[in-house]
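So, here's a batch of structures to check.
Both of the next two complexes hold chain A, though its partner changes from chain B to chain C.
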Partner chain A sequence: MPASGIRFAVTALLEQIVNGMMMGAIYVLVALGMVLIFGVMEVLNFAHGVLFMAGGYLCDVFVVHATGSYPLAVVLTMVTLAIVGMALERTVFRRLRVNLPMQIVASLGLILIAENGAVLLFGPSALQLSVPSVRSLVRVGELSFTVQHFIIVGATVVSIGALHVFLHHTRFGTALRATSQNAEAARVIGIDSASIYRITFAVACALAGLGGALLGPLFLISPQMGDLPLLKGLTAIVLGGMASIPGAIVGGFAIGIVEAVSTLFIATEYRDMVVFTVLIAILLMRPWGLFSVRVRGDA
Partner chain B sequence: MLPARTAPLLSGALFAAALYLVPVPFAGYPYVLFALTLTLCYAIPAMALNLLLGYTGLVSLGHMGFAGVGAYVTAVLMKHGIASFAPSIAAGTLAAGFVGALVGVPCLRLRSHFFIIVTLAVGMLLFLLFNNLDWLTGGAAGLPGIPRPRPLDLGFAVVDPRRPVGIYLLAATVFVLVFVIQYALVRSDFGRSLAAIRQDETLAASRGVDVFAHKLTIFAISAAIAGLGGGLQVVFLRAAAPQSFGLLEDINLVLIVIVGGAGSLFGPSLGALLFVALPEALRVADAFRMVLFGAALVALALFAPRGLWGLAAAAARKLRSDESAVARVGHS
Partner chain C sequence: MQRLASIDHVPVVLGEVCSPAAAAEAPVASDYSIPLILTVPTAPDLTKQGNSFLFRVNADTDQLNEALAAYVGERHLSPLSFIAWNNDAGRGGVNGMKALLPKDIAIGYVGYFDVGAVDFSSDVTNIRKSGARAVMLLMDEEPGALAIRQIRDAGLDSQLMGTLAMGSDRFLTRLDAKYLDGMVQYSAFPPSAPLPRIQEFGKAYRARFGEEAHGFAAQSYDGLLLAVKAMQAAGTATDGAAIQKALSGISFDGVVGHIQFDGDNQAKPPVYITQWCKDGTRKIDFPANLKSECGAG
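What follows is the complex of A and B.
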């Protein structure tokens, strides 16, 4: 009996770790966009969750009404959201770079527009998008997961790699990092900060859209589907140190795994409490986040 | 022209008088009194947040959590008949202030953006406690059946908080008290030190301001005032519900303060009137109107960086300077 008990516990733990990796990957996609925007522009985009939600709905529209192909729809979603991101940067966030309280007000305004707009366009009830990768299962020992679980983790890893190559091995990426380190000095050497901001928002929104398009078919597509990823993404970037990309990645995966594994020990209602308690506890010990990166302007 | 110091006192006195005279025309309209009392219940935590956000430059996104602490302490004490209204709400206020200090000690050491998100996490934690500690808070169903205070005989009149006019007058009294506290704090040396911290923390520290002690004190005071507002709200609504102190209300409170005008004495009250009484009156619930409301917020963020009160003050200043310009031209 004890042997089978331990076996059961290990199986349950493995299952929750895989689930946690999957949710963590989603949080990473949201957190990466937020950390890029914050690192480059010092703007906290609280509306990032509704861009995630828009990704879910757009993907549904593209699959059902346009292409019929899920991978193509995901790419179209990312392109559309990149354009939306550029428009948002140009019209709203560029003007609010120095005014933190008004960034919050504008973000909340955008959340109201997007969430209620989704209700107007698609109705208040959630949509269910059925794609082949959610219907087919992968067996791992006694456990089975949908193919989508592995697609989500894989797509996130590929995105992280692509972002790394973009930031470190292209001229534009180097210019972006330069702007993030010192915007004024970057301008002095001839970097056009306006186009940097535009691209930053485009990449960040495309990543959020990718997250929504990936999670939508697995769960449900609803107007509020971006709320929790937003909170967890924020928690991830704080854990990581606000402006650190590796920090956001580690933070996102850690939150996903911690909350999934915690459900084995305590009631599900307390899952979010575990995450926020861990956040506060870590900040008590390391006030600069796990990956302390001192941002410009700090003493 | 009035001397600079008496003008705000006079306008404050007029404001208070108007507040107490509201029941005269509206005594027969319990719904109006209901909406206004609810507005006052929100204006109190809004003034509390204004002390942080407007005057000290600390953005707390979880402030309704502290209001919830005050609310539930008041609710539990009154519901089980442990204490009457005044000691209950005093206990709620103190408890919220204590929790605020407890949260402030670790969190106020964090840099601005870390602080903002940690306050959000604290707000969520407090909400989850209200929502899940069934034996104490009634869980998601909340705590119904909180008694209203007993009638108070003032000699010339009897205020009965079980009636709409009575509870309105009680809320107005607490509101005036908090408004006076806000005014006194802001105009004191302590308040001036807070403004110095907001403008330049390093400079303030170098001039001998103990930045951390000041921040902690104002954070605890602000949490206590929020708790007072929360306690008043549950006594008014006769029930405590976790949703009244959740994430949506946290956000709502921040909007009330910023949209009304952070850093001005009347801004939070204006914001509360706008966000509580107006939706009550218009019954804003339908999705299309919420989209318009969202667009209005974005427009406000872009075009009124100091909130509505700031916009009005700027307009008034411009009007006055135009008048004086006209006067000068007339003389020459």
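What follows is the complex of A and C.
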């Protein structure tokens, strides 16, 4: 390969790694929420994508109609969705623990209500949240990215760090992990499982809202904007192991980077095929995922 | 379509904005002998199915592409890359454009995306890798604005070429003029063109709806008048077969230009190329006799 060809290939690879990390970070935020809820409550919340979407719309409302400040709007979005999450846990999902078929039905119902509600409130056309500061460009050699690319990755890394501190260095986090390991034993030693479930949902929904609020200004805010992150987030937790937080993180970033880099070799419209082929191949070898531990009785 | 035919018993159906849906509706129109007048879908194959009840007022992608292919050839914009919808309109448009291009124009990268896609970063990387001098965007306003922003934000300065949805003030509300400067697009209705029929329609449209007129509105308006004229010529407002016969032989001067259907029931209205200027206005680049300054396109 001539030198210019190698340079083009390296440039393209670098560009796609950055793009892949950015989308991977979004998948991580969704996957972390889903894995927290599943790990603690054994609830698979298929409506997590609409919470991501709600994050986009709420952020738009807070920026345009309330604060005028994007960072403040992101924080308010997370707080609002944490409250929404607590309400959802109390009214819908607490009753459906360990009842997967009903969780799926309830989730599908929530998806329909939320997506149609968004159309009703904001109209069928996608919203464009214009935040000039996040659209400013950063040049890296001959490449150029928006500041938001790096903000998304940075915010995700900070969220992962904060989650780690919360889970491993606070009493509440320890109680949450204990409930996740054995809910009955946790109750026996006096842990209030209802509070744990509530806080778990609050944290998970706040993370989904953060994802929507971060991606909104970069692309568009539409009723279906959470569909793809949900699918990829779900894939990430299946890949990493259903209740594994490190698995969700590695899975999310891996999916983002693999799908982005794969488009250098195959047509872009087939990138999802690559992701799911990798997923199937890994599950054939490790049906319990990359980071979960195989337990007796598992396939 | 089925309901309009079997329950409402309408004599003519106007519309359908989407090529695949129009393709599905066309056989129903034929079965019930009801003329279906299309005013927006551009997939070239639609009027090549031998369906005598399907009429198309607007130019198809091949007709629209013809002028752009000549534009690419004259400026030798090689290699040329594409980002297009992964459907009949997008794939048909790419194939049509490839067939029209001069032989010395190389094809760089061709990327297709599904409706609803918002992330074009992979396409941008591949366009850069292909060394494309020009990029053609076969899509409508929403993805078009996103793709253009991502291409320009990534630092690519290739000549951008778009569809008729990208040549109006409405499109400008989605993007700063700096993103659009220099971009060309085919158009069936340059809203600021110095042509009396366009000016008049534009003025009436703005008075009624408070915004700049656009091609889809003009084409649909012509489709409606065409149906009325055909009913008058056929002497009936209920007999679809008679109205179909009248439409086949109709000759009509509409807002978009002269409309007369060929053997496939495809009209051949005039096509223009407009170019965005730095100040957010447009000018006409094609046809040569209508070349204009910024602000008149």
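Following the convention adopted for this analysis, the second predicted complex is superposed on the first by the 289 of 299 C-alpha atoms of A that agree within 3 Å, B and C clash if a C-alpha of one lies under 4 Å from a C-alpha of the other, contacts with A are read in each partner's own complex, and residues count from 1 in each chain.
One rule holds for everything that comes next: contacts are C-beta pairs under 8 Å (C-beta built on N, C-alpha and C of every residue); 3 or more make two chains touch, one makes a residue touch a chain.
A quick note: this is a predicted structure, and the numbers were derived from the prediction, not measured.
> Putting chain B and chain C onto chain A via the overlay, clash or fit?
fit
> Is A:Leu100 touching the first partner chain B, the second partner chain C, both, or neither of them?
first
> Going by the contact rule stated at the top, is it chain B or chain C that touches a larger number of residues on chain A?
Per-residue touch count on chain A favours B.
> Students often get this wrong, so check: with C-alpha centres, what angle lies at chain A between chain B and chain C, to the nearest 10 degrees?
70
> Is A:Glu15 touching the first partner chain B, the second partner chain C, both, or neither of them?
second
> Figure out whether A:Val75 sits in contact with chain B (first) or chain C (second), or with both, or with neither.
Neither partner.
> Looking at the overlay, what does A:Leu234 touch: chain B (first), chain C (second), both, or neither?
first
> Looking at A:Ile113 after the superposition, I want to know if it touches chain B, chain C, both of them or none. Which is it: first, second, both, neither?
Only chain B; A:Ile113 stays clear of chain C.
> Of the two partner chains, chain B (first) and chain C (second), which one does A:Ala87 touch, if any: first, second, both, or neither?
Touch partners of A:Ala87: none, neither chain B nor chain C.
> When the two structures are overlaid on chain A, which partner does A:Met225 contact: first (chain B), second (chain C), both, or neither?
second
> Using the touch definition from the top, say if A:Ile280 reaches chain B (first), chain C (second), both or neither.
Once the two structures are laid over each other on A, A:Ile280 reaches chain B alone.
> Looking at the overlay, what does A:Ala126 touch: chain B (first), chain C (second), both, or neither?
second
> Rounded to a whole Å, what is the shortest Cα gap between chain B and chain C in the overlaid structures?
6
> Where on chain A do the contacts from chain B and from chain C line up?
Common interface on chain A, chain B vs chain C: 267, 269.
> Once bound in the complex, which stretches of chain B touch chain A?
Contacts found on chain B: 53, 59, 61, 106-107, 109-114, 116-118, 120-122, 124-125, 128-129, 131-132, 202, 251, 254-255, 258-259, 262, 287-288, 290-291, 293-302, 305.
> Contact residues on chain C for chain A in the complex?
Residues of chain C touching chain A: 86, 111-114, 116, 118-119, 121-126, 128-129, 131, 142, 145-146, 153-155, 174.
> Applying the document's contact rule, which stretches of chain A touch chain B when the two form their complex?
That would be residues 38, 44, 92, 95-96, 99-106, 108-114, 116-117, 119-120, 124, 231, 234-235, 238, 242, 267, 269-270, 272-273, 276-277, 279-280, 283-284, 287-289, 298-299 of chain A.
> How about chain A: which of its residues touch chain C in the complex?
These residues of chain A touch chain C: 8-9, 11-12, 15-16, 19, 23, 125-126, 128, 135, 137, 139, 142-146, 219-220, 222, 224-225, 227, 260, 263-264, 267-269, 271.
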